[in-house]
Amino acid sequence: MIGTTTWVIGDGYIPPASTGPHPAMTSHDSACMLNANAEPARIEITVYFADREPAGPYVITIPGRRVHHQRFNDLTDPEPIPAGTDYSVVVRADRPVVVQHTRLDSRQAANALMTTIAFPVPGGDDRQ
Amino acid sequence: MIGTTTWVIGDGYIPPASTGPHPAMTSHDSACMLNANAEPARIEITVYFADREPAGPYVITIPGRRVHHQRFNDLTDPEPIPAGTDYSVVVRADRPVVVQHTRLDSRQAANALMTTIAFPVPGGDDRQ
Amino acid sequence: MIGTTTWVIGDGYIPPASTGPHPAMTSHDSACMLNANAEPARIEITVYFADREPAGPYVITIPGRRVHHQRFNDLTDPEPIPAGTDYSVVVRADRPVVVQHTRLDSRQAANALMTTIAFPVPGGDDRQ
Amino acid sequence: MIGTTTWVIGDGYIPPASTGPHPAMTSHDSACMLNANAEPARIEITVYFADREPAGPYVITIPGRRVHHQRFNDLTDPEPIPAGTDYSVVVRADRPVVVQHTRLDSRQAANALMTTIAFPVPGGDDRQ
């Protein structure tokens, strides 16, 4: 059992401009997820904001023994996430997964990067 | 219960210069916090320094199911935090929250970014 | 006993271009590992992808009381890891180790850096 | 009790060149430490390398309720840490502290930053 079932990203933000070729150097904010189980994992993403009710859930299925790097820029159902807006993210899975948060910011001439393993909610693997 | 009630940021620093338009590209150091509870969370921030007694508490209320990205640059009550100075931060909340630390440094021509989930103090959720 | 025996990197990616002198400024993605034990540690690295079965194991031995910073770019046996491709990594060791994930991205004119302690799988030190 | 007594940094490296004014923009690799206790904390730093026995301990005392941001570049006793060399770090304290690892790399024209909370060794606070 590799991972846990609930993860949090505190600092969500899609930089509203980019420098360089699309899509590689397009500014983005993403959740990079590993499903090391043999079976598919169903992922539900909820996005919290500063001044409105949360959006979601955004539902993704990751096949067994596969990774999925999800740019928040690319989520559209049930609604797109606006650029230039502060948010936080809760990721819930029906099997243990691992989530890492990464942002590429190319607003200025050379890109900046940041990453962190997301916060694994304790007890989150007790749902198994 | 998503999160815990005591978090630590070890490397606090507000870069004392910036390149680019204000406020988006202004150098800043921030705590990005999620309150996923239904009720508001009361946050107390204490700032430790290398050569003087701690400052604070700085008190913030985050409504239920909302995020708050706090730039340390913007704290003024009870006193501003000086730029160009090393500090650490302890965040205490009356309900579980999640804290992520991010710095944007635009002192040189292209901005740099860094982030980490803050340190969740074990047992910090036992106060519930 | 410093560390644990199973670690995960969620966001693996080798930037497919570089600016600056090789090898210092070559874009790379790496696992920086400490074996603080007196005895050697045998490391097995498995690499997961979005659209194919995992690769590996890549086997490394770290002598006792030594570090090993492994660029994923440099792994060749059983197969190289392609640049410009999303992946995740599971590191398994026969003794406790510590793993930190770092990327240097020099695709644009000034390099970007990102790092995080990898995710330590709970219970991973129970195999001792 | 805020923190724990044993921490690990996996990816130590002092970039061997810098761009910009000294000391603010000098490339550095550092451990940013908070001692939130009322009493002083005695810190012992051991540095591990790829091809030689560890160096240290480097001994630092942090007064109560104070922070100390230690650049590894500045350690000299018992020996300096060479730039351009891979290392890992174990930090041991006689009271709970919090350690965050940060690097500023200004080898190229705009600086890069990376940070992570160091790895807190489980059970490390049992020595209290």
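Labels A, B, C and D are assigned to the chains in the order they are written; within every chain, residues are numbered from 1.
Keep in mind that, in the parts below, a residue touches a chain if its C-beta (ideal position, glycine included) is under 8 Å from a C-beta of that chain, and two chains touch if they have at least 3 such contacts.
On a predicted model such as this, the values are computed, not experimentally measured, just so you know.
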Could you work out how many touching-chain steps separate chain A from chain D at minimum? 1
Quick one: which of B-D, B-C or A-D reuses the A-B interface, over half of the residue-numbered contact pairs in common? B-D
Quick check for the class: compute each chain's Cα centroid; which one is farthest from the centroid of chain A? D
Count the C-beta contact pairs for B-C and for A-C, then tell me which is higher. A-C
For chain C versus chain D, which are copies of one sequence, does the interface use mostly the same residue numbers on each side, meaning over half shared, or is it different? different
Starting from the mean Cα coordinates of chain A and chain C, work out the distance between those two points in Å. 21
Euclidean distance of C-alpha centroids - chain B vs chain C, Å: 30
Where chain D touches two or more other chains at once, by residue number: 108-117
Classify the chain contact graph as line, ring, star, complete or other. complete
Of all residues in chain D, those that touch chain A in their complex: 108-110, 112-114, 116
Residues of chain D defined as touching chain B within the complex: 2-4, 19-20, 24-25, 30, 32-34, 36, 65-69, 98-100, 102, 104, 106, 109-117, 120, 125
For the complex, which residues does chain A have touching chain B? 6, 8-13, 48-51, 53-54, 84, 86-88, 90, 101, 103, 105, 107-119, 121-122
